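Next come the structures, one after another.
One chain, subunit A, links the two complexes that follow: it is found with subunit B in the first and with subunit C in the second.
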Partner chain A sequence: MGRNGKLSNVYLAVVFAILYAPIAYLIFYSFNSGGHMRGFEGFTLEWYREVFADTRLLIIVLNTFIIALLSSAISTMLGVAGALAIYHVRRKRTKNTLLSLNNVLIVSPDVIIGASFLILFTMIGIKLGFTSVLLSHIAFSVPIVVIMVLPKLQEMSPTLMDAARDLGAGSWQILTRVVLPYVKPGIFAGFFMALTYSLDDFAVTFFVTGNGYSTLSVEIYSRARQGVSLSINALSTLLFLLTVLLVVGYYFINRRAAKTPAGRGLRP
Partner chain B sequence: MKQLVRIFAIVFVAAFALMILASYLNKSQGYSGGNTLTIYNWGDYIDPDLLKEFEQETGIKVIYQTFDSNEAMLTKIEQGGTTFDVAIPSEYAISKMKEENLLVPLDHSKLPNLSNIDQRFMDLSFDEGNKYSIPYFWGTVGIVYNPELVDGLTFESWNDLWDPRLKNQILLLDGAREVIGMGLNSLGYSLNDTNEDHLQEALKKLSTLTPNVRAIVGDEIKMLLANEEAAVGLVWSGDASEIMDENDKLDYVVPEEGSNLWFDNMVIPKTASNIEGAHQFINFMLDPDHAARNAEYVGYSTPNAEALKLLPEDISEDERFYPDETLTGKLEVYDNLGKKMLSHYNDLFLEFKMHSK
Partner chain C sequence: MQTKASTRNAYLIPYVLWMVLFVVAPVLLVVYYSFFDVEGNFTLGNYARFFTPVYMQMTLSSFWYAFLITVFSLLVSYPTAYLLTRTKHKQLWLLLIILPSWINLLLKAYAFIGLFGTYGLTNSLLEVVGIGTKQILFTDFSFIFVSVYIFIPFMILPIFNALEEMNPSLIYAARDLGASSWLTFRRVIFPLTLSGVKSGCQAVFIPALSLFMITRLIAGNRVITLGTAIEQHFLVTQDWGMGSTIAVFLIIAMAIIMFLTGSGKKEVRNGKKRKAV
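Entry: the complex of A and B
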């Protein structure tokens, strides 16, 4: 056991080193005064200053977060409703079909989703910009939320609901006092997944941005193609730190949820 | 439940707060007023100070958007839904856009500065009479090489690439027209040649180049050459100047047999909503002083004869980027060969790629 454990630890360390090395490399060079990624010349915060001096970039950062927050919140609501609907379907075949349809949307390539949104929006005359980006982000986030919430619902013992009903709870009360508190970890997981997906989605967003409206991923991509400026490194570093913060936040919410089990006092 | 409601309420409040902040920033920058001009250009392809100056001079707010390939730009403009007032595609994309009726004819009376453009770069095959497009930057296709790694070779001729000493040392651009064109040029043919015998001959010649070809790559060719991963590369002159900025050991040359002459031109797409402003902008960029500053910032060759006089000598006398008359006489613009011939070029290129490892 001892030897085996050590070996697997080393393996794990190597894997993580490989995964994080490019990010560390990128962060390291964001402080390089030399202006390129070959050889470190000296420490500078110039690139960060450049990021903050660029108002258009700041507007794009804000846009990105507005879209991420709104789309993940709205898609969480829709997704929870969807998961409840699928959960309550009686016939097994219909249920499986619905679930598969949901999964198809998750695995289908982003480029295709993006292209079809572009065609749809221009066909029905929605101007590309905030609305089109928001709608498409909601659309690709909903299936993710569904798949995060549904297992929690299935894990829940049906007797809980029966018991609540026996004690005189109405459907609304069952939903808000029993079901939702129970699946809360799933809801949060879905919300945070949607948030990160929306923050870094490029393929879909690329198609549906327009009229001066852009998000970070699209902007970074088009800037990076013409020689990488280190201000992109600086910006990526900031984004990376932010996602780390989000993950840590999620971790703490999860832990708190674990300490006070769902629906205080419902379970023995 | 309470916790859920609370957290979602916080999320929405935060989102709206950010929205207010964003619209405040937008207003303070003037992006939300009526008088705006949307420019669709390659990333980092204009001196940002010029945009600010244009805004001050005309009171028009510029919204600057970027694309990374002619194809991406075409798709966006074809689909509509966005209002791009000025776009800057390459010449082959312009002939395509002309065919598909995506361009607004230019009013030359509103472009008095047009006379500054060198006559050599006007009235070319892809847009006769410059009805739809005005040159922005131009360049060539040539060879970037590292003198330290090539044993004294200098590449006056395309045929120098076939030197056995270059075994496994050449990077090629992943472009059918560029590579087949190089094959045709090395045999002394036009790079718009459609004669099947000549094309087969070029393919045969190219296949003997394969031992020297290390890889056929895309945009990463710049990084690979700058990092000295290979000694020689076939690239566009614009990329070459970027590579040489990164690594000053390298040199660029256009072989004497001639090569491709490419253009990025300013056009007004059908999606434009501010056609008046678009003309103002094009005229602004044609001003010698503005064009010179832009050329200095971007590092590509300006087609503006008056601007060239204003550039420092070490730029304007650099024959690598402003080749002399004899060589420019041999440079050719890609003709629009038509769909069938283009796909034949692509097939030939594919065949070449399959045989090169």
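Entry: the complex of A and C
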């Protein structure tokens, strides 16, 4: 297609500048010795030292990662089962019903998810804290995994499974030797997606944390309301780097996933 | 091609259990709770209260803000998506557009507190230009600006995809037939990318209705959306009944919007879904 004129490039540059402005701003001031976000006084790593000296904050970071890893691992298993379940349903009506129910949590506003989970956990008597946060993160990650895995299943040729069965493979062997390896890129993509959703989530967690337990987003929220502290800037710089790593990782997995299906000799 | 019934059921068990517990039950519980008052008595009072001027006005302003946020997001995103499809390394640029949306939203909101603050960068700039210091934080402007900032990637993505799917020869045909660029855009490009615009609007409008953290941090509690009201009722005043009633109306509004903007199935494309906070 055609090239962009000068004016268009200026427009794009402005959009990019605005998108990155807050992030650049946070990172820039994380090195400010002045202790505030107006006027740079001198370079310091003091705020980074403060982050690493703050045990409470480190525990919260650890909590956040534990929740993210556990919830995405469990939701990946549930989601793969879900995708297989939907894939195997023959009746179109049932399939569509399952798919729409699957999408409910994806399109619902987080406030509603949070509020309804709060009611649910209180009703069945789960104490608010680690368990409730973990369960809700699993709950909202499952449909994402399903949506990442299902297209891979659908593009797989059913003759592969027939061939495996003809050659005497049992259901378990078909699953572990044929189906799962084929949809592996989708599973990884789903896992990564679930991981970033969990790391990023604020609204749902905010409803179900209760007292005493906190994840990073909730902690930043309460600190930001109290006023400005540059250790948050230092922390966000570190998180930004981590996010970039995650996204780059996800990008490459996706790229590899896009390349594989044709090049593997898996065609019937 | 036969699958044994037993294996089929085995996959369904954990998934359906998850669905009943975390999809069906929560919705039913919200509806159930909307019929109870603070003391736990059965009542229709919450619904009566919802139709009083206070809540009606809140609902209207919530819709109005969501509408403004959607319109501004669209105005910024459409040209961006269009220009992106014409760049050389478009996938890379698209990734760079999406990247900020993977950064924790709280941090970005926090950065805007600094950027828009009395001594922030924006006010320093205004000072230099000669306009002088203005109150930016805690205004409608800052609320809409930050919300649009957050939603832009979710609007760009579906529009970008729709533009990519469009057959370019249609544009050449329009040009050959003598249509000006504007006419080509109006009669060919825009109608063909309408599906992307629709799903973009859907991805922005629904979360914009239920924003709640931004209203606190950026709008200084001046803007009350349906989301803020739900959060307030659940976590501050502990009036779960009224909170649930508002949630029921939000769910209804959501269903109507999904119906109006076409298919109810929204895929998670490439990037990340909106994080409504």
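In this section, the second predicted complex is superposed on the first by the 228 of 268 C-alpha atoms of A that agree within 3 Å, B and C clash if a C-alpha of one lies under 4 Å from a C-alpha of the other, contacts with A are read in each partner's own complex, and residues count from 1 in each chain.
Just so it is clear, a contact is a pair of C-beta atoms (placed from the backbone, for glycine too) under 8 Å apart; a residue touches a chain by one contact, two chains touch by 3 or more.
Quantities reported herein were computed from a predicted structural model and do not represent experimental measurements.
Subunit B and subunit C, once both complexes are superposed via subunit A, clash.
Set against each other, subunit B and subunit C differ in how many residues of subunit A they touch, and the higher count belongs to C.
Once the two complexes are laid over each other on the shared chain, residue contacts for A:59 go to subunit B alone; subunit C is not touched.
Using the contact criterion defined above for the overlaid structures, shared-chain residue A:173 touches neither subunit B nor subunit C, since it reaches no partner. In the superposition on chain A, A:33 makes contact with neither subunit B nor subunit C.
In the superposed pair of complexes, A:69 makes contact with subunit B only, with no contact to subunit C.
Look at A:78: by the touch rule set out above, it reaches subunit C but stays clear of subunit B. Using the contact criterion defined above for the overlaid structures, shared-chain residue A:158 touches subunit C, although it does not reach subunit B.
Of the two partner chains placed by the overlay, only subunit C lies in contact with A:112; subunit B stays clear of it. Legend: residue contacts after superposition of the two complexes on their common chain; A:199 is shown touching subunit C, with no touch to subunit B.
By the touch criterion stated above, A:127 is placed in contact with subunit B alone, subunit C being left untouched.
Within the three-chain superposition, the subunit B stretch that clashes with subunit C turns out to be 219-227, the only such case among 183-191, 219-227 or 273-281.
Where the contact sets of subunit A with subunit B and with subunit C meet, they give residues 36, 38, 118-119, 206, 221, 224-225. On the side of subunit C, the complex with subunit A involves touching residues 1, 3-4, 7-8, 11-12, 14-16, 18-19, 21-27, 29-30, 33, 76, 79-80, 83-87, 93, 95-97, 99-100, 102-115, 117, 119-121, 124, 149, 152-153, 168, 206-207, 209-210, 212-213, 216-217, 226-227, 230-231, 234-235, 240, 243-244, 247, 250-251, 254, 258, 264-268, 270, 272-273, 275-277.
Contact residues on subunit A toward subunit B in their complex (touch as defined above): 36, 38, 55-56, 58-59, 62-63, 65-66, 69-70, 72-73, 76-77, 118-119, 121-122, 126-128, 132, 176-177, 180-181, 184, 187, 206, 210-212, 214, 219, 221-227, 229. Of all residues in subunit B, those touching subunit A in their complex are 1, 3-4, 8, 11-12, 14-15, 18-19, 21-22, 25-26, 28-29, 31, 36, 38, 42-45, 63-68, 72, 76, 79-83, 219, 222, 227, 242, 246. Of all the residues in subunit A, the ones that touch subunit C in their complex are 1-4, 8, 11-12, 15-16, 18-23, 25-26, 29, 36-39, 78, 81-82, 84-86, 88-89, 98-120, 123, 139, 142, 144, 147-148, 158, 161-162, 171, 193, 196-197, 199-203, 206-207, 216-217, 220-221, 224-225, 228, 232, 236, 239-240, 243-244, 246-247, 251, 254.
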